[in-house]
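The block underneath contains the structure these notes are about, expressed in structure tokens.
Chains: A, B, C and D, in written order; residue numbering restarts at 1 for each.
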Amino acid sequence: MDFLLTHLVAKYNFWLYIILMMIGLYAMIAKNNLIKKLVGMNIFQTAIILFYVSIGSKRGGTIPIVEHIAGGGEHAINPTRYVNPLPHVLMLTAIVVSVSTFGVALALAIKIYQRYKTLEEDELLTRIRES
Amino acid sequence: MIWQLDLAILTLVIVCAIAAISVKDLLGTAILFGAYSFMMCLLWSIMAAVDVAFTEASVGAGVSTVFFVAAVFRTTRRTKD
Amino acid sequence: MKRLALLIVILSGGLLLYATKDFPSWGDPNSPASTHVSPRYLEKSLEETAVPNVVTAVLADYRGYDTMFETTVIFCAGVACFMLLRKFEPEERDLYYRHIPTGLTLHIKGEKQIPSTSKEFEKIDAIWTPYDFIINTVSRFLVPFIQLFALYVIAHGHHSPGGGFQGGVILGASIIVLAVAFNLRTAVRRFGEKIDGIMSALGVFIYAGVGAFCAILGAEFLNYRALAKILPVGKVMARSHGILAVEIGVGIAVMAVMICIYNNVASEGKFDEGL
Amino acid sequence: MTGNYPALLVTVPLLAAFVIYGCSWLHKRSCLFMALLGLTIPFAISVALLKKVLINGHISYHLGGWDPPWGIAYELDPINAIVLVAVTTVALVNLIATSKEIETRFSDRRGAFYALYLLFVVGLLGIVATGDLFNLYVLLEIASITGYSLIAMGDPARAPLSSLNYVFMGTIGACFYLLGVGYIYIMTGSLNMADVHVLLPPLYHSSAIVVAFIFCLVGVMIKMGFFPLHSWLPNAYTYAPSPATSLIAPLMTKVMAYVMIRLMISVFSPKFVFSSIAASNAVVWLACLAIVMGALMALAQRDVRRMLTYIIVSEIGYIVGGAWIGNATAMSGAVLHIINDVLMTFCVFLSLGAIARSTKGYQIENFSGLFKKIPVTMATFVVSGLSIIGIPPTCGFFSKWYLILGAIEGGHYGFIVVLLLSSLINIILFFRIFEEAFFVYPKTNAVHTEGEASIAIAETPFVTLIPLVLTAILLIFTGIYSGSLIALIIKPVVSAGLL
């Protein structure tokens, strides 16, 4: 029972990111409000980050900070004891990229609002057509 | 890893994500999105990705939420969907 | 649109689920991702870079080139926000002042302005809520501690989670706290726009400059080992010091950019009143 | 120092961008000079690298002194060396030609503009040179974020919304690419292109790798504006400020097309792409559709700039089609077309930007009588137009020629028909404008109000005109020497990859 549940949770983890990504993608395409689309975009990006972090995890692995062991050499460090650090590094970059895109997109949204006083896509399109 | 906790957080992440895109008030979206980021951060610290979790806590749940609130303050809270 | 969205979502979701079946099982220590490239980082990073936090070692050394561009992305965002939003021409609008001794609020229409030298009046935001004593005091009290913690995070990134990004964001947040608790003008007075712009460029310049300096010293770009020629340390410790130098650069850049984005977004680029 | 050229190529403009932005707060007038310097040096380096690659063959540069699967490496072969030369040339010439407009239009934020301009170039150079899948993503984001903000500085009514749409589409594209890379990583454990290329063959039957390839490809195709995914492109390029359009429109889409070819050849292998995935026919037909739809939509436009953006969509169709036909001739044609298309799209957008100085708008009617007013500028526009149509001495003809040869070899007769058809449509498109500019005179009431002044020659200033004429001459030269370009540079690499 316990094994089944842990296994289920583990599988759940890999599928979760697909669900989250699809929520984000759906929001990006179907939502009408530009800020909502932005939130969708962020959820989409975070889902990918979750996927990468899941790649890095190891059963029974601890955080990737190597302990100082007196006189340590390569014999002292057993890589299976630590989780894979590479996806973490990549995802630090991805988080920073996502916040940068978010900042630029917010600036654009403010610029649009200053001119058209709305953030709804359909209203924006009608106002553009009118002008 | 405590699986009950893991499961609870995983569920909360999805709930927060759906709530963030469906609530009809952008300020609410901002806060829910912050909560979503924070849940994500917890999830990553469970997976032993401490650096990623730290970054997400400071960037995703912290500064982005502030930017978001500032942008909502400068535009509008109302949304049709 | 909703139907189309649902179709795309189901299609790509299905594709992703289909691909998941060939994945190594979750958390498998023998998966290719855990056995091909990453073990070397875990085994050798302490030996080669003298940094116990493997993530920092990989971030700033093995894949330091990525991180340089990551900092550049942040810098781009700051420059982009500045360029898109910043308005230099003051717009004509109503001004609000508070007479400090009496607490009266003045609403001035048109171009007239109270001379900035006057000590009795204080400019306030259009949507002004009276200062909250508790918020003000607590934030004023907290800011130095936040900054101290940020510096710790940057400096201690070699040994514990953290590093330039997190520290930089926290440093930036300390100024943003001021802007939120008091007003934007106070924060801008403490940390001016010009300094902010120069620091954001300076931070990334430190990173890329350290890399270029290594190239000048005759090694590859970003090969901190070359720094041993000018630092009184061995080649391994030179890497550690190189990592510290770039982390400091990252911290400065990220702090400046976070403040720049906040100021521009919160004041629509006018830098007069914020959140 | 010469050993460090691959890194310096990217980092010189990078450092220059930081210095420019820092200095713009202190001394505004020095920005232009530094920007020119920051692009001239990489131009010289890229030429030197091309020479070196042609003499010594493949160059691999290990950044930070770490060996490839662990560190990041730059891989230079003749093809990407020549794409690098094309990118630096276009960036430098465009900066010289449009510097005047930038200085007047963005006078209070020129430091920021130049910084973003240089960072965009940095992004593209890095994308072309890098040998690491994740590094490519980061550089792609640099090029995209700078691209979004440069585009948003255009027409204040439309540009921000177009740019935001580009942000959404571009982010989906970049994320799909990232996801694909993640799938490759989970299956192979490596991010280095050469390493992945070695590790992949045993996994070709795995569904995860197929899905990874599809996601990478779709992501890159969104970024290059391939037909069903092009919706962001026309608006973004139409409303951008003209110095940015003539930088972004020629480079971004073509560099992404190069990335696609690189993914097909040096990450996955042609064997996998053309045999394991039985989709190459479908993609070629999709490319045919892209060509036709691009040409037809261009035909429907009255706005010349918008028309040209649809022509870009159609040109991307050529490249994708050529790459997916799957033989060395067509692939060489596609690579040659990337370079030619960079040059001719650049020339056409640059001359359009110069023309727009003398006209009030971009409608075809605005072009009436322009040959009399600005003969040299219009001549360059005609040369680039002829090149896009594919008239022999210009370079556009030769890449189409190779594409047709490749299509005959591969038996894709539909592609040939479509190619000829779109050339015919291009003839209509451009001769519509030429006719207006050559034979039609400005309406009489306009002449009455403005008198003789409107007929007087008001040629473009020399600082714009000379680069423009040089580009037009370059178009013809590339055309004349395209035989040796193929034989010396492209064919050896492509056939080595395809066999």
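Quick notes on this structure:
Assume contacts are C-beta pairs under 8 Å (C-beta built on N, C-alpha and C of every residue); 3 or more make two chains touch, one makes a residue touch a chain.
What you are looking at is a predicted structure, and each value in this text was computed from that prediction instead of being measured.
Each of A-C and B-C has its own count of C-beta contacts, and the greater count is at A-C.
Centre-to-centre separation of chain B and chain C, using mean CA positions: 19 Å. Once the centre of each chain is set as its mean CA position, chain B and chain D turn out to be 38 Å apart.
Our note on geometry: chain C versus chain D, Cα centroid distance of 32 Å, whole angstroms.
Within chain C, the positions touching two or more other chains are listed as 16, 20, 23, 31, 33-34, 37-38, 41, 53, 55, 59, 63, 66, 70, 73, 76-77, 80, 84, 161, 165, 261, 265, 268.
The multi-chain contact residues of chain D, meaning those touching 2 or more other chains, are 134, 138, 141, 145, 148-149, 152, 160, 179, 185-186, 191.
Within chain B, residues 50-51, 55, 59, 63, 67, 71, 74 each touch two or more of the remaining chains.
Interchain contacts (touch definition given at top) occur between A-B, A-C, A-D, B-C, C-D.
Residues 3, 6-7, 10, 13-14, 17-18, 20-21, 26, 29, 33, 36-37, 40, 43-44, 47-52, 55-56, 59-60, 63-64, 67-68, 71-72, 74-76, 79-81 of chain B are the ones that touch chain A when the two sit in their complex. On chain A, the positions that touch chain D within their shared complex are 25, 28, 34, 37, 41, 44-45, 48, 51-52, 55, 86-87, 90, 93-94, 97, 100-101, 104-105, 108-109, 111-112, 115, 124, 128, 131. Across the complex, chain C is touched by residues 10-11, 13-15, 18-19, 21-22, 25-26, 29-30, 54-61, 63-68, 72-74, 77, 79-80, 82, 84-90, 92-93, 96-97, 99-101, 103-104, 106-108, 110-111, 114 of chain A. Partner chain B is touched in their complex by these residues of chain A: 5-6, 9, 12-13, 16, 19-20, 23-24, 27, 31-33, 35-36, 39-40, 42-43, 46, 49-50, 53-54, 56-57, 61-65, 83, 87-88, 91-92, 95-96, 98-99, 102-103, 106, 109-110, 113, 118-120.
Residue ranges on chain B touching chain C, taken from their complex, read 50-51, 53-55, 58-59, 62-63, 66-67, 69-71, 73-74.
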